[in-house]
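What follows is chain A paired twice: with chain B in the first complex and chain C in the second.
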Partner chain A sequence: MQQGIESSARIGVYVCHCGLNIAGVVDVEAVRESARSLEGVVVVRDNRYTCSEVGQKSIADDIRELMLNRVVIASCSPRLHEKTFRTLLEKSGLNPHLLEMANIREHCSWVHYDDPEAATEKAKHLVRSAVARARLLQPLSRAKGRVIPKVMVVGGGVAGISAALYLGGMGIKTYLVEREPSIGGHMAMLDKTFPTLDCSLCILSPKMVEVAECENIEILSLSEIEKVEGQVGDFRIQVRRKPRYVNEEKCVGCGDCAAKCPVKVEDEFNRNMGTRKAIYIPFPQAIPPAYVIDEKNCRYFTQGKCKVCEKVCERGAIEYDQTSYTETIEVGAIIVATGFQPYDARGLPQYGYGRFANVITSLDFERLICADGPTYGKLKRPGDGKVPKRVAFIQCVGSRNASSGDRGYESCPEMGPRAEAAEPKAYCSRVCCMITAKQAFMVLEKYPDAEVYVYYIDMRTAGKGFEEFYRRGRSEGIVFLRGKPGEIEETDDGCLRVVSEDMDSGCILDLTFDMVVLAQGLVPPHGLVELAQKMNLSRSEDGFLMEGHPKLRPAETGIDGIYLAGCVQFPKDIPDSVAQAGAAAAAAAVTCSKDTIEIDPLGPVIDAELCIGCKLCEMLCPYGAIRVELTDKGPKAKSIEVACKGCGVCGASCSTKAITMKHYTDSQLTAQAKAILEVV
Partner chain B sequence: MAEQVTVDVNQAEGVLETERVQGLEQASGTCNTIEAQRVEAEQVEAEQVKVERVEVKHAVDAENAFDAEEDLGKEGAFEPVIVGFLCNWCSYAGADLAGTSRLSYPTNLRVIRVMCSGRVDPGLMLEPFLSAADGVMVLGCHPADCHYMTGNYQAEQRVLCVKALLAHLGIASGRLYLDWVSAAEGARFAELVAEFTNQVKKLGPAGCGESQEGLSREEFIRRVRVAKRVCEKEKFRWLVGRRKALLEEENVYGEKLQAGKFNDLMSFVITEECLRAAIELLAEEGPISCKEIAEVLGMPAGKVLEHTAYLKRAGLLELHDVRGQSPRYVALR
Partner chain C sequence: MESVQSKDASVVTILDPKFKYEVAREPGGENIKYCFQCGTCTSGCKVAELDRKYNPRKIIRMVILGMRERVLASDFIWLCATCYTCHERCPQDVRIPEVMNALKNIAVREGYIHPAFRAQAELIAGNGRLYEVDELANERRTDWGLREIPQGSPEVAEIFGMTGLADLLSGGAGGTS
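This part shows the complex of A and B:
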């Protein structure tokens, strides 16, 4: 049968110039001519842009007029345009799986620009290989998968909140999963936002309330993703729900429990600068507005007796017997919005963070200057509570640190190995310049006679109103010094001596400050590696999640049905996070709007004659998608199509070679391997 | 000698058989253990892979120091042809990134896309050698990152076993190469291609007197065909497929197979199957007697006789005629 198809193959070969992207290196005409004589080839053409309307039309015309039944396109990566051309085939009445692409751009012209001759030869081979495969391609019918019109948003920061609100507003059932007791994320910790100096919580809090009130949104706080199965349209997600020990429905947030709770611990929401009780609410505007017991510190959990909170709670909301459990939730799409974590400034010991009390980070500063913070908005230095008169800001701490990052770390062996979040990063964290400009401004606003210095490498103020804001800061007397300080020393009175070279004047500056604020960069959140693995998502070199396409699919991922919003893709400011959340929500809504989704039919084909029922396939299949069942001819392997993802492990392992894979058959791959090497 | 062999055969078949029966029994439990296996594998594999990679690096470095400069400058210097099987999700994407970043690397590599490195059959790894390839690369996602969870681990098992097979046949196992490239590692991809190209350059053209193996083209092809045939053999494939589980999981009696023991078993299977494959291939060319086979292969006639008998029982050979004193066989394929 395969023979039959092979001899009747009518193949059209289209070699793309891609403007000069390919034609600038590869001799496109030569490649075209070399394909002309290949078996089964009916027509060869070259196009300036095959993906353009003109290019596509010429293919469609050929399919009709020359009765092509296979199409080979030599152009860019199939990862870019396979979908485009499959759609074209489908519209022209051909099965979309009768397309094969030869990647002569990413794998050829773009990497062999220094050797056009060899690149041309290589391109010829790639085309031969594609034609050989095309000859053996079989039409496949796509299975239809169901679509669950629900979405899960992972991460309840401003990006996750915005995405959930967009989706909820469209009437789509949305689960908002947050691992902390409250949604809000880092934005809830900020005092003001740049460049408008809006109070951060004042603009975020109404949105959080909206989430709580939206009937389509369900908040799963204190929850983490445990396992993700399934595919676009039909994901099954196991969520670990940790106990709050307080009944969310019953708690009205009166605070009687915390008032009486005997245990005081450091308050992480205030960056450990204040204290909270063992039963607490992270911040007054928290959503869900319920208290939570910190079991690590609660006297009842650690010592077995206390229960004061239970006694004082009039509503009987305290439930010590809550336990953690997993819940399985089915959704059609997932939006990952797990944000970032601030760079751990202890990774650069030359600045003394963690050793010198009055060296703080930008996030610490936000809590210090916030009216709700540990000092009720008075800028007091942590060491002695004095109001600082001279404040320095140091930029790019943990960012833009391509090579010099390690300086000094070895000299502090007592610090132990550097944590992942303390590893200085090469990239620019994008928001720190403006954060510093804002904070410097806020110091002056509160204490007009303070002296404020900013040490910077470059000021990056690209954004609406950003440059104007920065200029205003300058004109109000903030001193900007170009140059990164080498080291900070602590003086006897807790002040900090900063020595640096002023790049503009060439002078060595030796200045002493009451307080130093380090503009810490943004790094991937802890747990992202594991989450990416659970969802099969790729991470970029910087450690953040990789987008579907850097330009055109910034809110998508490589996995259909999983989308990105906010800093988990890369550091960005609040408006950009919100905008991306909108894009992700729109993409997720598109997925949910379909009745069914077509699934690539790449499963195994089992030759029951050859199968001996050895179960090797069953043991190796990661999805339980192939089983050995007893038939009247003995035990035989059987594929379970809906579970199969088409990886091909069974086919390549089968002990009797009884299994081959659709669209990646043994004969197709072998033919490809032969043709790619054919000496012409 | 002959007796020794028989005992071994029985032992080996015994192990295989028990293995299979256990496999059948355990099969139902397998799915549950996959997750645990994966987590454990992350650690174990990461270790193993690290070690391996370091070794490869050293080897390559040493070679670089050697004569890279001279060779590269020479007019008409040997330019190896390399075929790469890249998984769609990580390594192919990594190769695309090398393209978008315009990172130049040697033109020697030609890529075939597969969905997962786990799709690459042991036989497929060898196929290119039958044509003009001097080296074959299999690239997949990093451990624990495979889009299909465990495909790359299987690819690793296969490459390890096929390398052992090549080594047994006197073919430089360095012609086959496995590594991991993530979608973000365009630069790493370009480096690996350059490194491997260099490594193959050192090995010389496949099947050429001057190469490291010193095999003629004809002999090289013959051996690759033997290897390919072995890769189709049930016993070999079963062992490859079970390797990871055998070494890492405990059987129902709470025992794990020691690596050394597995290697013994594997090399025993390889030795047997190579000989059988060689006999089959000869008999495919036309009627041939045991004596002639023994001469061509340089093997003791007794051994050949034994395997010929086995192949006849297995229905792979049949008696063709009797010339003079000796019966001649042909393959049934």
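This part shows the complex of A and C:
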């Protein structure tokens, strides 16, 4: 019995009740009995909680006493407890890869709660197939990977800034990557923050300055992620550095260049309501505090002559010959903090945004009322500059809207690839109720005799000081109307007619306003789909990045070493973004604190005898992790282990079956599939 | 079970909690339970503008509450003009005009047919069309060189029989309140 034990499988099968989570639906005893007669099975047990101390001990005892060499656990998703049981196997002297899990909770009892018999049958099938695969499992040795004690934070909004500051403060070298010319994100565009009415930039810009001054943080502005390779502890990231055409070191931000620049264009920072020059600084507190040339509009770049800015710049900071280039940066962990984009209200044409000059959105309002905005803080309506006396706010524009498919409207052609931002979203964007309450309050602050109405479905004011703020708003005279308007009509004088059902009075209200503000929702940022693909990250149904676990790993992702902060995970307010940034920074710091990291031994094994060097695997590999190289036996595929994520595309596509995936061999998977299809 | 009202007409003491499921099972009523009472439907409803008795939001509320009798016996479910404005705007995809169709179908099965619809149906059953072609009309058509229109339509009557509409009309289905 001592020799040859590895070749004949001695399998222990453990079926978990998970309290009533599984046993409430699945007949656990029946599943247990069905596994008893399977080939190679030495022992079968059921436990109330297999993950408990008692449950684990019974497995450890069996491994020792019955000399088990494979373990099958039928319980929850491996995402939850695979690590627990692998550790148990290791402690008990078994290779951790000799474990197989059958998910009879998420895949059986939970989804088939209404059909216990079928759920039980499915559980039996899954256990049978897990046993079939377990027989063929092979011990694998885990490699140790190096850890580069540096972090890249992608996105320079308040979440990215906070994460970078935490990391920099811990002495960890941090790269803060921002695609715009300045860090600051959406928070820099806000006039005030709720519920304290703090000036947004007054509280943000000290943090931005701190980032600039922190010796451990390097800001890469005008930069985007091009490619991500490697794994936890050892990522290689290619960053596209776009030219600023102004030397960041030399520019002191004096503004002489912009004063003389002859080209005026719409200012996107002011939501296209004001103008800026072709050489500009997005806002006075920008970091890096350097001007930037907008090459699409610059006269020199479009017409080949001008160079006025170069002539007036006393510091010689203008560099027209800067070019875009790729820089490769190695880090041990990545924090994704790319935020959100505001919902494009043109997606709901009944409210007339983009057609009626005096229908604006929440973010437009922030710029309109900001001292540094297009009207220098004097709230005027965009159509004719008149001071609005009657202002309406409409909530849930693009949020809480689960209407499916084509609603009969043509999509707006000029939106182009950004049309996704105009798709209404089913979720509540969480911040709009408070943004609206704040803005309604700010209207009354500017014009105490104004009439302010808020159309809402439900007011959601869960947060510290939020309900108190809502109360204060009512006492200031803001009228909250329960009932969402169906449409907005423009009158001849540019005013806006809004008809709604006021549910509380039972009346149909037909009111006319000088200005209407649409509380636009928060939607996933432009380019997130591509970024998620580059990093192999999953997105949730709502389009935002999926967290590692909705309760317990909210700042992690499914990929080790990549963490989330801020709205890229889901809409949240500033304090929540900052808090999550702290969590992500802590998690990244844990990774960076290790000397080495154990790497899961997943990836291809290439049989050089069978490989014909056809390059199919090389073409299909999404990570550039397999390459055909010329050897003395001709061209042969070679795996680049550090880049491989173990997806299996090479193994599945290999025409000569020269590639076998470790831990997912053809024979293992076929045995598993056959066992499921087997009729008992 | 039924929605019975106490002496005070505004106090409802008994609700039928199953009614919403019944409506959801009826083709067209599937999404009714998603309604979160935002009022977008009523805000843009052209019928509601003319006749305050018709308030789609309230009708859906009454269904969800389970005021079965009161909804089915009412004439307001028959007022929907099926313009689909609310359908396009409803953020919860409740498909209100189709919900109204579902309610009308249940109402008819329960014997509630709005008198106007009964009158229309009887006209079509008898004439094959919504208006009666009399002798005079046919004489005039002959003068103009047009062919006579036959009175009555056995084919339409057959359709009424096959679809069960004839039975519903003769089955003493009463009018509505």
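Everything that follows uses one rule, which is that the second predicted complex is superposed on the first by the 594 of 680 C-alpha atoms of A that agree within 3 Å, B and C clash if a C-alpha of one lies under 4 Å from a C-alpha of the other, contacts with A are read in each partner's own complex, and residues count from 1 in each chain.
Please note the rule applied: a contact is a pair of C-beta atoms (placed from the backbone, for glycine too) under 8 Å apart; a residue touches a chain by one contact, two chains touch by 3 or more.
From a predicted model like this one, the values you see are computed outputs, not experimental measurements.
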item	value
First, second, both or neither for A:V605, with chain B first and chain C second	neither
First, second, both or neither for A:S540, with chain B first and chain C second	first
In the superposition, chain B vs chain C on chain A residues touched	B
Contact residues of chain A, present in both the chain B and the chain C interface	none
Residues of chain A touching chain C in the complex	350, 396, 400-404, 407-408, 424, 457-458, 482-487, 499-501, 503, 508
Residues of chain C that touch chain A when the two form their complex	34, 36-45, 48-49, 52, 55, 57, 85-86, 88-93
Parts of chain A lying in touch with chain B, wherever the complex brings them together	77-80, 103, 105-107, 110-115, 118-119, 121-122, 125-126, 129, 227, 533, 536, 538-541, 546, 558, 602, 612, 614-616, 618-620, 622-624, 628, 645-649, 651-657, 661, 664, 666, 669-670, 672-674, 676-679
Of chain B, residues touching chain A in the complex	20, 23-24, 26-27, 30-31, 34-35, 81, 83, 88-90, 92-93, 95-96, 98-100, 102-105, 107, 110-116, 118-122, 124, 127-128, 130-133, 144-145, 147-151, 154, 158, 182-185, 190, 232, 234, 237-238, 240-242, 245
